[in-house]
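Per-chain numbering from 1; labels A, B and C assigned in written order.
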Amino acid sequence: MSTKNIIFLILLLFIPISLAAHFLEWGELIVFITAGLAILPLAAWMGAATEEIAVVVGPTLGGLLNATFGNATELIIALVALKAGLVDVVKASITGSIIGNLLLVMGLSMLLGGLRYKEQTFQPIVARVNAASMNLAVIAILLPTAMNYTSKGINEQTLQNLSLAVAVVLILVYALTLLFSMKTHAYLYDVGVADIEEAEEEPHEKPNVLLWSCVLLVCTLLVALESELLVDSLEVATSKLGLTALFTGVILVPIVGNAAEHATAVTVAMKDKMDLSLSVAVGSSMQIALFVAPVLVIAGWIFGQPMDLDFNPFELVAVTVAVLIANTISSDGKSNWLEGTLLLAAYTVLGFAFYFHPV
Amino acid sequence: MSTKNIIFLILLLFIPISLAAHFLEWGELIVFITAGLAILPLAAWMGAATEEIAVVVGPTLGGLLNATFGNATELIIALVALKAGLVDVVKASITGSIIGNLLLVMGLSMLLGGLRYKEQTFQPIVARVNAASMNLAVIAILLPTAMNYTSKGINEQTLQNLSLAVAVVLILVYALTLLFSMKTHAYLYDVGVADIEEAEEEPHEKPNVLLWSCVLLVCTLLVALESELLVDSLEVATSKLGLTALFTGVILVPIVGNAAEHATAVTVAMKDKMDLSLSVAVGSSMQIALFVAPVLVIAGWIFGQPMDLDFNPFELVAVTVAVLIANTISSDGKSNWLEGTLLLAAYTVLGFAFYFHPV
Amino acid sequence: MSTKNIIFLILLLFIPISLAAHFLEWGELIVFITAGLAILPLAAWMGAATEEIAVVVGPTLGGLLNATFGNATELIIALVALKAGLVDVVKASITGSIIGNLLLVMGLSMLLGGLRYKEQTFQPIVARVNAASMNLAVIAILLPTAMNYTSKGINEQTLQNLSLAVAVVLILVYALTLLFSMKTHAYLYDVGVADIEEAEEEPHEKPNVLLWSCVLLVCTLLVALESELLVDSLEVATSKLGLTALFTGVILVPIVGNAAEHATAVTVAMKDKMDLSLSVAVGSSMQIALFVAPVLVIAGWIFGQPMDLDFNPFELVAVTVAVLIANTISSDGKSNWLEGTLLLAAYTVLGFAFYFHPV
C-alpha cells in the first residue's frame, strides 16, 4: 500500500472524530478542523472512483463524468453552504478556487517541477484554448460585479436576471468546450491522455465498475454529511480564529476543496508531465468558472436563496490579476522554478490582501 | 446577378418606403426600421465603389481612400447624430463598433470558417501590429473616462481639452500606421492584398472610375439623408421598444453601420482567407478608434456640440474586455470554431449586460 | 575624449552653480533646474563606476553591485524626498519611473533603432521572464491601492501593514530573480553579457578598482547633496511652473533620475543590440518595482515617515496600461519603428492626462 493511501486511511478516522465532536459539543473550532480533514481522503477517492469508472464507460461518457464530478467536493460544500444561506462564503469560494488553482496549484507544480528539471515544456496550443475559455468565463462571471460597481443604483432583481442569463451562456459554452475537446479537436488533447495512462502508478487491470460506483456513492454521501458539519461550524470557528468570511471563503475553503487537485498536479509535475499538471490546474478552474459557478446561480434561484454574481470588487481585482499573470506565464509553453515562484508570490500577496481586507 | 445583389436591390426599396413613412407619419418605429434597412445596401455599395476607385488610382492614394471612406457610413450616421445633440448615442456607437468588430464580426468569421476548416491560420505578425495599435487606441480613448472615474471633481473643460489632445495624437498615429502599412513595411501586408484580388468574385476588368465615383457620391448623399431619418426617429423608436440610449448606441447602431464589414469578413473566412477576414474586422475597429473617434471629437468641438471622450465607465470595462479576449484569441495566428464561439459568447454576455444596464 | 564626456564635463559646472543659486538665493526655480542638470553627469558616472567595479569583482558580486546601485540616483533622490516628507512625490516617482522606462525609454529605443533597421529582434524568452516578474511586481505594488479604492474605510495602519508585507515579499522575489539570472539560468542571459562587452566603445583594460570606487563614492555624495537642493526647491519651483506634485513626480523626476538609462538604451538600440537595450529599460523598471519601491516602504517605516503603497488610483490605471502595452509589443521578440511610436504615443497621452489631472 502506498504512503498516500496510508495517510488517507488515517485521515478517515476524522469522520467519526468530527461526528463525535459535533454531537458531544467539543466546540465549533474542533468540528471545523476535523470535518475539513475528513473531507480530504473522501475527495481523493471520489476523484479516483470517477476516473476508474470513466475508463470503463468509454471516452465520451467518461469525459462527461469527469467533467461533471471533477469538482464534486467543492460543488457539494458550496450547495450545503448555499442552503445554509452563506451566500458570501459561496461566492468567495468560487473566486478563491479560481485563484488557488491558477496561482497556488500551478505555482507549486512549476516550482517543484522546476527544481528537478531546468526547463519544462508543455503544449502551448491547449494552454491557449484553455486560457481563452478561462478569460471568457472570468469576464462573464465578473461582469455583473463590474456593472454594479460602475453604476450606482442597480436593483437586486436586475443583477439576479443578468446573473441567470450569464449562467445559461456559460453552461452552453462549457458543453461546447467538452464537444471541442472530446469530439471535434480531441487530437489536440491526445498527449494529455497518454500522460494520464502513463501516470497511473500500478499496471492497469480492468476496473470493477460496480465496486467503484459504490465507492463514489459512499464518498459522495459522506462528503455531504461532513460538509454539513463544516458549514455549520464555519462561522463560529473562523470568527474565533479572527478570520473574516471573505478570507475563509477565498483562501481556506478552496484549499480543502481542491486538495486532491493540488496533490495530483504537483505529483505529475515532478515527473515532468507538465501538460497533465497544467490541464489539472487550469481545467479545474475552468470547470469552476464554466460549470460550478453557473450551477450554483441556478441552484440558488431554485432554492430561493438568491445568489447573484455580484462579488466583492476586490475579488474582481484578484481574479483578473490571477488570470493575467497565469496567462503571461503559461502562454509560451515553457516553465521554470522562477515562474512557479512568481505565481506563489502573487498568491501570497493576494492572501495578505484578503487577510487585511475589512469584511 | 448574384443573390447578394438581388437582396440589395430589394433593400433599396426601403429608401422610398422610409421617406414615405417619414412624411406620411407612419410612426417613428417604422421610420427607424426602414431607414436602417435602406442604409445596408448603400453602405455596401459605398464600400465597393471605394475599392474599385482604389484599384485605379494606385495603391497609395487608394489606400488612403480606403482608410478614409472605409467607415464612411458610421461616420455619417455619427456626424448627423452629433449635430442632433445625441452625444451619448454617438459615444456609445464608438465603443459598440469596436466591440462589435472584435467580438461579433471576428467571432462569426472564426465560427463559420471553423465549421468548414478544422484549423485556420493567419499571419500573426500583422495580427500583432494591429493588436498593439488597437491597444494604444483603446487606451487613449478610454483615458479621459478612467481619469474622470478615479478622481471626482474634474471639470468639463479639462476633459474636453484632454480629449482634444488625445484626438490629435490618435490622428497622428493613424497617419503613421498608414505610412507603415503602405510604405515602409508594405511587404508584411502583401498576403492580404493578394487575397483581396483573389477574393473578387468575377474576373476583373478595369473599373470605370467616373461611374464608380458617381455611385460613391449618390450613395453618400442617400446615406446622409437616411441617417437623418434614422437619427430623428431613434429616440422615440427605441424608447417604444423599451431600449435605453446606451443599448441602442452600443448594440443596434453598430450592427447597421457595420453590416457591410460583417458580410465581407464572414464570406472570406468561409473561403479560408482568414488574413483578409481578420484585417477587415480588426482594421475596421482600428479605423474607428484611431480615425472616426478623434474626428468626431474635433467635429463636436467645431459644431459647438462638446463631445469629450468621457464614456460610461461600464463601456470602458466592455471595450477592455473585448480587446483582451480578441488579443488572446488572435495572438497565436490560428483559429477554430470554439474560439469563434467564445468571442460570440463574450458578445452575448456583454449584450445582456448592456440590455440590463440602467441609464 | 568622446562628445558624451565633454557634455558631462560642462554639466558638472552646474554643481557649483546650483550651490551658488541656493546660498545666494537666486530663486527656487533656478536651484531646481541647475540641481537637476548637475545630477545628470553624476548619475552617468555612478553607473559607469558600478559597471567597472563589477567587471573586476567577478560576475556574482558584480551582478549584485549592479542590481543594488543600478538605480542609485533615483533611490537617493527618493530617500531625500521621503525624509523631507514629500511622500506623494516619492510615490509618484515610483510609478513614473516604471512608466518612463517601459514607454519612453523602450519607445525611443525601438523608434530610433527602427529608423535604421527595418526589423530588430531580441530574445523573447528573457523578455517573457522579465514581463512575468514585472507583472507580479506591478500587481503587488498596486494591490493596496486597489484594495483601498474598492472598499471604503480601510484604516491607515492596515494599509501600512499590508504595504510592509508586500515589500518583504517583493525583496525576496528580487533576490530570487537575481539567483535565477546569475546562477541557475544564467545561460539564458549570456547573449546580453556578450553584447555588453562588445558595446564598450574603447578596447578594454583592466579597470582600477580603487579609482572607480573613489569616483563612485564622490558621485554618491554629490548626488546626495544635489538631491537635497532639488527636493528643497521642488515644491516652490514646480508650483511656479504651474505643475502639480503628481505631474512633477510622475513625469519630471523620473526623467532626471533615469537619464543615464535613457542614453544607454537608445545608444545600443541604434547599434541593433536590442537585447541589451530592452534589458536596460525593462531591467530598470523591474529594479524599481522589486527593489527601490519596497526599500522606500521599509525606509519610510524606519524614518517614521509612514509611506504605504496607496497610490493615486489613476497611477494604477497608468501603470497597468504601460505594462500591458509594453507586454504586447515586446512579447514577440521583434520590433520596428511603428511599435516604438506606439509606445511613445502612449507615453504622450499619459503625460497629457497627468498634466490635466487635478490634485
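The rule we apply is simple: a residue touches a chain if its C-beta (ideal position, glycine included) is under 8 Å from a C-beta of that chain, and two chains touch if they have at least 3 such contacts.
Small disclaimer: the values here were computed from a predicted structure and weren't measured.
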item: Number of hops, subunit B to subunit C, where each hop joins two touching chains; value: 1
item: Homomeric contact subunit A-subunit B: same or different residue positions, threshold half; value: different
item: Euclidean distance of C-alpha centroids - subunit A vs subunit B, Å; value: 40
item: Sequence positions of subunit C contacting 2 or more other chains; value: none
item: In the complex, subunit A residues that touch subunit C; value: 118, 149, 312-314, 316-317, 321, 324-325, 328-329, 332, 334, 336-339, 341-342, 345-346, 348-350, 352-353, 356-359
item: In the complex with subunit A, residue positions of subunit C that touch it; value: 124-125, 128-129, 131-133, 135-136, 139-140, 143-144, 146-147, 150-151, 153-154, 158, 161-162, 165-166, 169-170, 172-173, 176-177, 180, 184-185, 327
